[in-house]
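The following pair of complexes shares a single chain, chain A, combined with chain B in the former and chain C in the latter.
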Partner chain A sequence: MSQSYNRGLIEDFSRWREFSAGMWAWIFHKFTGWVLVGYLFTHIAVLSTALSGAAAYTNTIQALESLLVVRILEVGLLAVAVFHILNGVRLLFVDLGVGLEAQDKSFYASLILTGVIVVASIPTFLSGVSI
Partner chain B sequence: MAERYTSFEPGGRRWLWQRLTAAFLVIVLAFHFFLLHFLNHADEVTFALSQARMQQLTYFSLMILFLITATFHGVNGVYNALVNSGLSGSRKTAVKAILGVGSLLVIIQGVRTALAWSGGVPI
Partner chain C sequence: MSTQVPERVEDESSGESVSPGKQKRDQKKLERAERIQEQREAEAAEKARSGDDTYHLKVFRYDPEVPGKQEPRFDDFYVPYKQGMTVLDALMWARDHYDSSLTFRHSCRQAICGSDALFVNGSQRLGCKTQLSALAEPVRIEPLPHADVVKDLVVDMEHFYDQMEAVEPYFQTNSLPDGELDEQRQTRENREKVKMSTRCIWCSACMSSCNIAAGDNEYLGPAAINKAYRFAMDEREGEDMKQRRLEILEQEHGVWRCQTQFSCTEVCPKDIPLTEHIQELKREAIKNNLKFW
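Let's look at the complex of A and B:
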């Protein structure tokens, strides 16, 4: 049977200064997970304009992609997805018993690599948009 | 040894499926981003280009599998996060039902959209 456990003040965010790397990884993974599942539903809703015909779909996507704010949100989505993927790989390894002693370092590596990939992707994500 | 800080049932399968879908999604989500933002650019998307991809059985079946695994992984993750935060009793049952119906709707809508592009299962 599923149970929830009384973890005392672990989830008291006013104690954030005391959080360890693993706690931040847990918070970021949960936050990025919520964003991604929310986006999945939005994504399918937008793509569903294809059900109204070819012109409706093409016009909707191109109108959205012409907006700078949409491109910026896409960069944010990339950041969220890349971190969730990299930290997810870290979790899969930890689950297999690999790298548990270095789990804090692998969290920092996930953050840095996410930052590098996102910054390097910005020109591609903003190409062709008018400000 | 302290308590087990997990919302997964001991010996349950939800943990296993969350990890198996994760391993699949790591590859396919990265492929999805790379294909649709780097090889093809988002501002060049047209119905015809999406249709050309979806009319290939390999791509069509991969995207259907992607939709199902992503929905399961996301919704199962949300459910476990809520159980982890203390959700129980009739509220837990209600949340499970709402998430189940939501998952079914998004999968049905996704499959309908894929079929609108491909014009039928591309066999």
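Let's look at the complex of A and C:
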């Protein structure tokens, strides 16, 4: 084949109309995993303020928790963590070769369950914050 | 559809000896029938363009050898629908009635030769196994993604075949039966175990659907791993050979590249549980290497 037409990455992606459950699950799992890693650093940074004394830590936490954005980000973090855990369990079953025929259903179940848990958590996360 | 020209009077002339006169007349009749047939098809094509009972195809076109066709484009074809018409039937109709340069591979027309895997309405399917009636219009037909297009719907399969060859896709054993003429018997259970994996028709639909294979050219891909499964799980090959096969599969671009996206399993026209087989080989590879005693 002296000449042949290579369509390249971008074109391939735009042509992909039937993105399947397993592909979405993979993308979401990667994404949520790395968001969790990112949060880990933030988490350590905030906790480290305790090194400069109990008051510093309390002040930091209170300042952060009084912000609406932080509360919303917390809801987002919960969503990401819950999805990662549920889909992680799904992936462990896939690795064991258990229930492979239900892999798409278990992905949708993870999504729905994540949604339900997140919605149920909103009152707690947003309570007592002034806008 | 088009390759079987209907209404030929063939059985009439068979049997008793035929006079030259009758032969001539038959010949004339045949020619006329063909002419009428052609006329009818031309009319049908004309009607197809306007009629309701047609399918609108959008077909990817590209030809590096013709200056005007080097820029990839989509051609529209309107094909009259007949009950049971497949994507391949429609393509053949379009080729025979509109544009004889429309190029695509096909042979068996019954999902067994594996030559007409295409990208139809956004997923990999065999043209001959896909009913037009199951598709939304316009039916968008493209060559398999993640492969170089040679012309129109024809892609270069060389890389796919290389990956298939890489897993030594043939039976090998060094535990032969005692007698020279003894058969190499397989148990029913073992045959059942490899049954699905033997069905592969080398169409490359799975390889084309796999995002990992798209990003890693060295990845063996689902079909090759499935082929390896077929032999690794065959008890007649013996332990030594299984060891050898697992070594091939465990390599950097072997089973561990699989990220269980299940796209291969979803597109395989022979319903081979590819992900299941890949996962089983992963577990075999681990069992093979983890020894606590």
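We take it that the second predicted complex is superposed on the first by the 116 of 131 C-alpha atoms of A that agree within 3 Å, B and C clash if a C-alpha of one lies under 4 Å from a C-alpha of the other, contacts with A are read in each partner's own complex, and residues count from 1 in each chain.
Rule of thumb we're sticking to: a residue touches a chain if its C-beta (ideal position, glycine included) is under 8 Å from a C-beta of that chain, and two chains touch if they have at least 3 such contacts.
All figures in this text were calculated on a predicted structure; none of them were measured in a lab.
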| item | value |
| --- | --- |
| Partner chain(s) touched by A:73 [first = chain B, second = chain C, both, neither] | neither |
| First, second, both or neither for A:95, with chain B first and chain C second | both |
| Partner chain in contact with A:85 - chain B first, chain C second, else both or neither | first |
| Chain B versus chain C as contact partner of A:40, first or second or both or neither | first |
| Superposed model, chain A: greater residue contact from chain B or chain C | B |
| First (chain B), second (chain C), both or neither touched by A:48 | first |
| Chain A residues contacted in one complex by chain B, in the other by chain C | 1, 4-5, 7, 91, 95 |
| For the chain C and chain A complex, residues of the former touching the latter | 62, 64-65, 72, 119, 121-123, 142, 145-146, 148-150, 156, 158, 211, 214, 259-263, 266, 273, 275-276, 279-280, 282-283 |
| Residues of chain B touching chain A in the complex | 3-5, 7-9, 12, 19, 22-23, 25-26, 29-30, 33, 37-38, 41-43, 45-48, 50-51, 67, 70-71, 74-75, 77-78, 81, 83-88, 102, 106, 109-110, 112-113, 116-117 |
| Footprint of chain B on chain A - complex, ascending | 1-2, 4-5, 7, 11, 30, 33-34, 36-37, 40-41, 44-45, 47-48, 50-51, 53-55, 57-58, 61-62, 65-66, 71, 74, 78, 81, 85, 88-89, 91-92, 95, 121, 124-125, 127-129 |
| Residues of chain A defined as touching chain C within the complex | 1, 3-7, 12, 15-18, 20-23, 25-26, 91, 94-97, 100, 103-104 |
